[in-house]
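For reference, the structures are reproduced in the following blocks.
Both complexes below contain chain A, partnered by chain B and then by chain C.
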Partner chain A sequence: MANFLVWVVWFFAAFACLASALAVVSFSNPFYSALALIGNLASLAVLYLLLSGEFVAAGQVLVYGGAVMVMFLFVIAYLGDRTDESPWSGGPSWQIVGAILAGGAILAEVCVVVGLKAGGFLSKPQHVGRSFGSPEALGRAFLTDHLLAFEVTSIVLLVAAVGGVVLGSHTRRESDARA
Partner chain B sequence: MHGPDIQWYVVLSALLFTTGALGVMLRRNPLIILLSVEIMLNSANLLLIAMSRLHGGEDGQIFAISVMAVAAAEVVVGLGLIVALGRRNVELDVDKLRTLRG
Partner chain C sequence: MTREAWWITIPKAFVVINVVMVFFAFTTWLERKLLGRMQLRFGPNRAGPKGLLVPIADLLKLIRKEAFAPMAAKEPLYIIAPVVSMFTALAAFSVIPWGNGWTVWGHHIEGQVVNVPISLILIFALGSVGIYGFIIGGWASDSKFSMLGSMRTCAQLVSYEVSLALSVLGVVLMAQSINLVEVVQKQQTTLWFFIPQFVGLAVFLIGGTAETSRPPFDLPEADTELVAGYHTEYSGMRWGLFQAAEYINMITLSGLCVTLFFDGYHFPWVPWLDQFGPIWFVLKLFALVSTFIWLRATQPRLRYDQLMRFGWKVLLPVATVNALATAFLVVLVK
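Then we have the complex of A and B:
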């Protein structure tokens, strides 16, 4: 019974995930695209929960669905609607054909490799304890085995924040000089 | 482990990645290109977490959290560039932003 329930939840989440991803790509208004991406991130968080990644799911909703998407929506609202592209007019038609062929090639490669090489390995997941993916376990892993990655991430975020400030203040000075 | 095997997650992740890649290749609005890049990063995250569950170690989840931090940094810089473009009142269309073309 529990197994059936997990399948049902998985199918709903996977369908929502793919549908909202297609919506992100095909809406012509970037505001609607950003709203669809929030649905995509939320359904991905459900899938993370099914994979017993509780902390990552919470981080996904807080950091991605919260902070990053608020930033996106703020910028989209700030810039207003200044593009009049129709959704699928990305350049000449050979470009569209090439893009679709490349996408299909990626998909076929992954399916063939998984089907040929890894099929047997992928169906025997390890048994994990109740603490798998908990904040405690992840925190211990971060502060012991992955301490370097943890510290480097903080530097990356600092550099990105400085970069954002520089990009913002530079253009302001220029527009002041022009005015 | 209840529910679907890891293959299902791999195929879902491949479909998501393809959707994001098509968005990057076909759309011309830089905002939507950034959103499509987010979809691609998230498909990689899904695969990392699925493999971490398969092998029973937390390393994949650590990777996924690092990817989230890098994605946040990427969004800050990308949106900063787009706002800088918007302040100059140029049209937001990557095909028309050809000043850097040699």
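Then we have the complex of A and C:
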């Protein structure tokens, strides 16, 4: 019963994930694309939930589904409706090359996973304890096994913050000089 | 501890949603009455005794109004926006504990709708999704006032969300948990957190006022500048849903504040009174909601640049220093 429920939820989440991903690239109005991206991130969060990653799922909704996508929508709404002059309706030829490359990469990944599955390399069940995916376990992993990655990420964020300040102060000085 | 059966949880969720709705309805009455008294007026006093039936009259009026949309509105998004706001507002209340849990005829009933280990983050996640209702509503109306209003709402909520989340960090560090039930239980054995975390409480209350767009932070619907903000083009019950979402957000935020800083449903010093948890919870909630109304009656609205400067240059540093100091002290005491 429980397994069947998991399967049903997985089916709908996976389907929503694919459908919203397709919608992101096929809408001509960027506002709708951004909304579809929110749907994509939300259905990914459901998939994380199925993998017992509660904290990761909530973080996904809070940070990506919430804060980051609000910024996307904010900018898109601020710039107004530019559907007719949008570079993505039509698009230069290098985008086609990029699309083919990305499609090929996904196809290769699918082939590898199917091959691994057929070869029996994936049928190694891991024990998932009660504390798996809990904030405590995640925090411990960040501060022990993955400390370097954790700290390097914080430096990347710091660089981004400093970059934002530099860009902002630069434009302000220019407008002051003009005035 | 035994887990609660699903056939208890579902009716309980139904009851809690309706209690919150009733609480919301009478918060609007309380707000008008208190505002009236503070401004030397009577406030509503015609519909029912002491004007108590005013919320019902409002509801009837709003439902019977014609639900029209502007010609240029993006119809599906225009309709779904207030629903998103209302849904997230109501859903956030589900993890707030309002009772100690009871055992009736051998069945265990928990004192909240659901108890998830990440309840605090869940509330913030739902809050950040709730912003979409405002921004989509403003964009889909296809009107300049709505658009400007939703831009303001968005900028204000994103700015103050950071301070709000950081102000809570001190409590999380002291309780060593992001589960609201555990936060309440920890306060029963130690102090109520508003004493050691008074800076956090102050930041939380100010950030919360801004987050729920209550005066003096009601810039999103500054009527002298923006007509009504993101819901300019809404009328009838769709507007009513937006309004309800704002009030319910305020109630949820007050509930969160009670839980984090004033020990939720717990009655001080007398342990056996804890079984009447919902009563103490509602009393504390009532006090906080009245404070929000009091703020509205006495404080003039901020200017927009003041709002942004205050949020980023005062509130955020204070919240950060508070979190750092708490972390330092928690490690030191250990």
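Keep this in mind: the second predicted complex is superposed on the first by the 133 of 179 C-alpha atoms of A that agree within 3 Å, B and C clash if a C-alpha of one lies under 4 Å from a C-alpha of the other, contacts with A are read in each partner's own complex, and residues count from 1 in each chain.
Criterion: a residue touches a chain if its C-beta (ideal position, glycine included) is under 8 Å from a C-beta of that chain, and two chains touch if they have at least 3 such contacts.
Every value quoted in this text rests on a predicted model; they were computed, and no experiment measured them.
Residue contacts after overlaying the shared chain place A:V112 against neither chain B nor chain C. In the superposition on chain A, contact of A:L147 is made with neither chain B nor chain C.
Put chain B and chain C next to each other and count what each touches on chain A; the higher total goes to B. With both structures placed on the common chain, the touch criterion links A:I38 to chain C but leaves chain B unconnected. Of the two partner chains, neither chain B nor chain C is touched by A:V97. With both structures placed on the common chain, the touch criterion links A:Y78 to chain B and to chain C.
Contact with chain C, but none with chain B, is seen for A:L62 once the two complexes are overlaid on the shared chain.
Using the contact criterion defined above for the overlaid structures, shared-chain residue A:N3 touches chain B, although it does not reach chain C.
Overlap of the chain B and chain C interfaces on chain A comprises residues 55, 59, 67, 71, 78.
Within the complex formed with chain A, the residues of chain C that make contact are 77, 116-118, 121-122, 124-125, 127-129, 131-132, 135-136, 138-139, 147, 150-151, 154-155, 158, 161, 178. Chain contact summary for the complex, chain A toward chain B: residues 2-3, 6-7, 9-10, 14, 17-18, 21-22, 24-25, 27, 30, 33-34, 37, 40-41, 44, 47-48, 50-53, 55-56, 59-60, 63-64, 67-68, 71-72, 75-76, 78-79, 82-83, 85, 87-91, 95-96, 98-100, 102-104, 106-107, 110-111, 114, 119, 122-123, 125-128, 132-133, 137-138, 141-142, 145-146, 149, 153, 156-157, 159-161, 163-164, 167-168, 170-172, 175.
On the side of chain B, the complex with chain A involves touching residues 1-12, 14-23, 25-29, 31-32, 34-36, 38-39, 42, 45-46, 49-50, 52-56, 58-59, 61-62, 64-66, 68-77, 79-84, 86-88, 91-93, 95.
On the side of chain A, the complex with chain C involves touching residues 31, 35, 38, 54-55, 58-59, 61-62, 65-67, 70-71, 73-74, 77-78, 134-135.
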